[in-house]
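One structure, pasted below without further comment.
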């Protein structure tokens, strides 16, 4: 068999080549994420099951079990997350020369972070309740809150964001980004875990929404599909590399509505509260409260075919 | 172990807190959807296997088995769907005080709906054949109809829509929306199950397309990515809540083409047949048949770098 | 049981009807894709595991196993892919009257293609390394290259594209399109396998990006979400069917940046190197090198609410 | 890595060696059973689900679904079993030079066998009901028939035997033996599919029971663990090979009880009806009806320790 | 297709026939066990994971997680077991006319049983430790206690027995028998959950061991493969049905050894403490303490072949 | 909820209790076997797939893939087995104070063992071919060698034994025993990995067979169900613990047949070549070659019922 022979003879060389490329660019077995990515997805699943018991369980559960099932999910997820955060911290700190097992400090910090996160869960859940209400009041097509919980991508995205954001705030490396990208993949909504988002938040339809790392968003904000809250440009350092960590994305006030396809850019761009930003608007400057921003649509040329 | 102790001591309190938040806002074990969501996905899978035998089976099937496999899929799905529809009806009707098991009327109605749905399958399949043809004729990149069936999100979206729409028409609560959101998640195409869509329908690329609940779309319509067929605004009732159920989305005539990124809004906006709507057009008013609607593009400023 | 009886009595007829519709339109068991789709996904998984060992393995792997695991993945995938390509070739060639088992020529050609593809893997991996670098330098939010590899849809999309494109170049039917649609579904980025893309390629956020079949893209190109590199229109033959295979999509020079929502159309549209295309630009004509193309934004009307 | 290198260099040789040993002794891809074994297990599962609806389903089923679920199980299993029987027949007949696809005669015969088997199912189910009764009346530890159905290996063994025996009677090669060994593995009861067994059959505990190919067993027979109904010796042909197909195992009359560890050997050994065979009896000759066969136990020496 | 047609036409009749046989003999959806069997296996798995943390987990666990993992397993299993016991009680009591949901008394009793069972777990675990020691001291082939825990069927059988026996003692219907049969299937050791077994219990090899419902077994007892502790015969009532619940099986004193294949029968047969019962012994009468019971082996005839 | 409260309040205490019992008796996370048991099962699966390609694959494989699939299975299994052996060696050696990662010597030894084992595979496969032949010639019920391979427990048991025995010979701790118990569970045949077994070996039916650690068995030996090759008794050391490692089990010469239920005991018991040992024989002394050993069966009392 020609293919068999080639596979036996040549694959070892190609494997060696691929192996060496990988080794020269990063260390294969020193990162959290490689095998940990699926663990993070599972933790998210358990956290969401705790927040909305019944929604993510494989089997119907009855009322008498809710308390125990929440507890089990939280406990299991907590143990796993502690390990992953510890690993991420070890990789990321100056103490890289210390071996994983010895970084007692990382373990303590990781434990601390997990406890703080879970202590926030009742508050997160309260906020999510306001998000459900916002969806109900913001979409005439929504008939019941049950429908929202079961079929609105907005709820999935904001649930994951509110968890990821807490970890981002406590300077957990990489894990929050893996969480937000998981949400992005499933909903088409890309919220960087750094973004600060108030209560009663709702994104209708959602596909194509991008919300940047240094955004702040007030309460009662409603956003439609295809909206970008992005950076105007970014500064390079002397070597031409981007300077990380600067404020680059806009601030959105309370009670703002942003219609589909609008683009708002820049770290010093502030949308005043109670404003409405029309569809397809391109905005790189601040507007005061109570503004209504619409394009004077260039009247489209309409050619009658007859 | 500090974490262990905290988990043992504090998790019961946090669980209790989360439990009570959930109880005060909706009933954990009274809805269809919670554990039923995966069942609906499975039913969709079985329905699609019936419509396109072989495509969604895990193993290759040969011709002699097609008839039996279609039948088995339909039968299995029918039993499950009947139960789910019954449950959804019980939750949704005035007769909420009656227990699940007693609502004989709901069961009869659910049976009726399932039978009507499956009786429509040959017609649905015929329509899907026209959608495949529309894709072939509408995309020069399509080499074979096989390719379309296997790799075009449009076919997935319109298949699920044509099923969900039938259920919507028969006033089945929540289930059609779970179906359409499943499709949205996988294709980036968000078609509300209420939309009425003619034959020979094709969406190219698809990501970001939004088609609202009260849209009507004629035959031979072609839509590109990022198109919104949405509402202009919506009316609030006296309490400031949106009034549900009004006509809010546009009507698209036969043989209309809508290019990428176009936005057409409003329940009294009608695109006359045989019209072409250009890319990025923002349209909130009706246009007559045979119209060609293009922006006079504001000529972009082109600065030569040298 | 009324439903039971109906299912027993009527389903055979509906099955027969669905079966006959399927038979009259295409042959159920003559195509690669039906049951082969999941195999292609698995092959992609194995190829990506070979290119980035550790990332897609279910369990953490240590350094001493990398070489063997790469080799095993390549070997297993190679055998499967050879069979699938052979099947696709048999279905697609003039020699359709020959049975699958006899088309020795198809088998030889398939073997040849698989060997050529895998021989390209070190080069593909080198190019992907430049894509990772491009992401790091192109996004201030990226803190480590590890983060990019684990959470950037751009890397997933371009990895799959670079594999699918090789198969497209060797005229493998249908399989490359199934690969690219798999990527589209997961990332929202729709790159036709025909597109030619240089090194150091980066797509930020990505949702809604469409890159057409006959695009050529230079090195160091950066694209944001919602960008379309599409066709202006396409020619029909005498029967009104689209003429397949013509050059329809633009050429993008080296070092070009294209901001979110821009649309560049047409096979003779060329963006000169080192150009910047602004957000939401609609461009159907060529621009010279070093151009900066911005809309003079129609100043939006800002109505103060007070 | 020393191991890596050895694996790359030497495994191809060892593979080649193992491959050639396998090729010289039997044909790798010409048999039913290799990949078909799991299919047979699945068919057994579906058949048993049809006979005792609810017992082997993963989810609880309610009464209204029973009929359809039985039907679906039978239909799915029938299609698979037809293919497997056809394959077994092709391998086993003189027409081995004909290719699988052409052996129309085998296909017709296989279809015929499947139909005959399933037509027997109501009768098989009736017999199994008598087996359940026999267990209830034969074991004081059995409290309910439900308990018997759920926790007695006898029922599992005799269910599978009654199916396998029908196939054996219709001269289906190999498949009945795979079925009986599946049962043997799970219950420790080894009944050759050739054995003829009457109604009201019960094996208590069961482990170690062996019932040979040419046994006949009457009605209302009860057997305990460790009983062998075997061959005395077997005849060799001129080449010293065993002569296959001769009557080698005993006949057990109606209403016979055989206690634990008894051994009854020989094709012309007949246990007359209404006999009782004591524990550990070694019997190679016939006994008349109504016999009670006990060892005069050699009184064991009992040494008092004191 | 002949088979297709037959399946469509005749299967409904055969289904109906099978359905009616099932309905006339027991109620399809009124029992615990049907769909509950797998739940019981899962509960056993969780209980065994709690007793020997790490042994039955899919992934290696480290010391810091042991406490939480034990707790989670116990909690999850407790909830499930409570439901199953409740269901079994409802089916089994006089109050059968009350619906499942109303039998508050059953629920209270089930809760009580679960709590009592789990409270016994530390004691059960202590006893199992003595069983491990007994294996180590009773088998020269055992090199480490780890080896015993990982590869001795005796440990599996006695672990499950000690759990099942507690439920039997609290008069839980059917569930203990499903547990013991699960163990029987996996180990070949058939211990009825009614048997009372002391500490330091060891069964070597185990296949074919049968221990009856009303056995009592002292401490430090060792048993080899193929041993039966059974009933001599059993009494029938006036209708010829076995009288259930009588003492039928022997009593084994402390420090007794019973060698392979021995059979000890009868409810009034007592083996005095510190006795040794030889291989293949058939014993239906009591022996005093410190007895050594051996067959005077009938010297086998040895015919020299030459 | 009473149960909920109890679970929250009391489970932590019970967990703590169970945890401490486990900690005082052995170290939870220091052993190979806990999570490794399933890995060993998988390795066995891969080894058996290499020896009999096609039999244990989930999908049918064709001839052209055999070589590569064997190689992949061997390579994957080799890597895993090396790790497990290393771990077992670390736990078992004097160098227990060295950490896992540092025991370079253990790693070298483990690599060496794996290479030696796999180098033996062609020889093992040759021996297994003789075992298949022995089954064919030893059982008149065997119609084809294919049937033997697919449905005879003897082949499963001897395949696993021949692998486990090689590891035992190289002093690998615990892993061989886990392998042999896996085989015991599935076949009812309990062969200690220490036993030395010649070629052309066949066990008919098999359930209940026990073959002790220090047995030697010649070529062309045939054994029936329920045969024990065991120890007479074993010596205790001064503390009353069994002395491990002594010769305790019999030697069986070439061409010996041992019928069902026979028991042969003792380390200095030798069955001379070409002997036949009758059913239920109890033998604790040697017999010369060509012996035929039968019980003069105590003629059973046969009471005619009439």
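Each chain carries a letter (A, B, C, D, E and F) given by its place in the written order, and its residues are counted from 1.
We adopt the following convention: contacts are C-beta pairs under 8 Å (C-beta built on N, C-alpha and C of every residue); 3 or more make two chains touch, one makes a residue touch a chain.
Going by UniProt, the chains are A, B, C, D, E, F = Serine O-acetyltransferase.
Quick caveat, the model's predicted, so the values are computed rather than measured.
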Inset, instruction - In contact with chain B and with chain F at once: which chains are those? Just list them. - result: A, C, D, E
Inset, instruction - Over half of interface residue numbers shared between chain A and chain B means same, under half means different, so which is it? - result: different
Inset, instruction - Determine the centre-to-centre distance between chain E and chain F, using the mean Cα coordinates as centres, and give it in whole Å. - result: 25
Inset, instruction - Can you check how far apart chain C and chain D are, centre to centre, with Cα atoms defining each centre and the answer in Å? - result: 52
Inset, instruction - Check each residue of chain A and list the ones that touch at least two other chains. - result: 3, 7-8, 12, 15, 64-65, 67-68, 71, 75, 78-79, 188, 207-208, 226, 261, 280, 295, 298
Legend entry - chain A contact footprint on chain E (complex, rising order): 64-65, 68-69, 71-72, 75-76, 78-79
Legend entry - Residue ranges of chain F in contact with chain A within the complex: 1, 3-4, 7-8, 64-65, 67-68, 71
Legend entry - chain B - residues contacting chain C, complex: 50-55, 57-63, 66-68, 70-71, 74-75, 78-79, 82, 111, 114-115, 118-119, 121-122, 125-126, 129, 132, 137-147, 149-153, 186-188, 205, 207-208, 225-226, 260-261, 279-280, 295, 297-298, 300-306
Legend entry - Residues of chain F defined as touching chain E within the complex: 2-3, 6-7, 10-12, 14-19, 21-22, 25-26, 28-29, 31, 33-35, 37-38, 91-92, 173-174, 177-178, 180-181, 184-185, 188, 190, 192, 194, 207-208, 210, 212-213, 226, 228, 230-231, 234, 240-246, 248, 261, 263, 265, 274-275, 278, 280-283, 287-296, 298
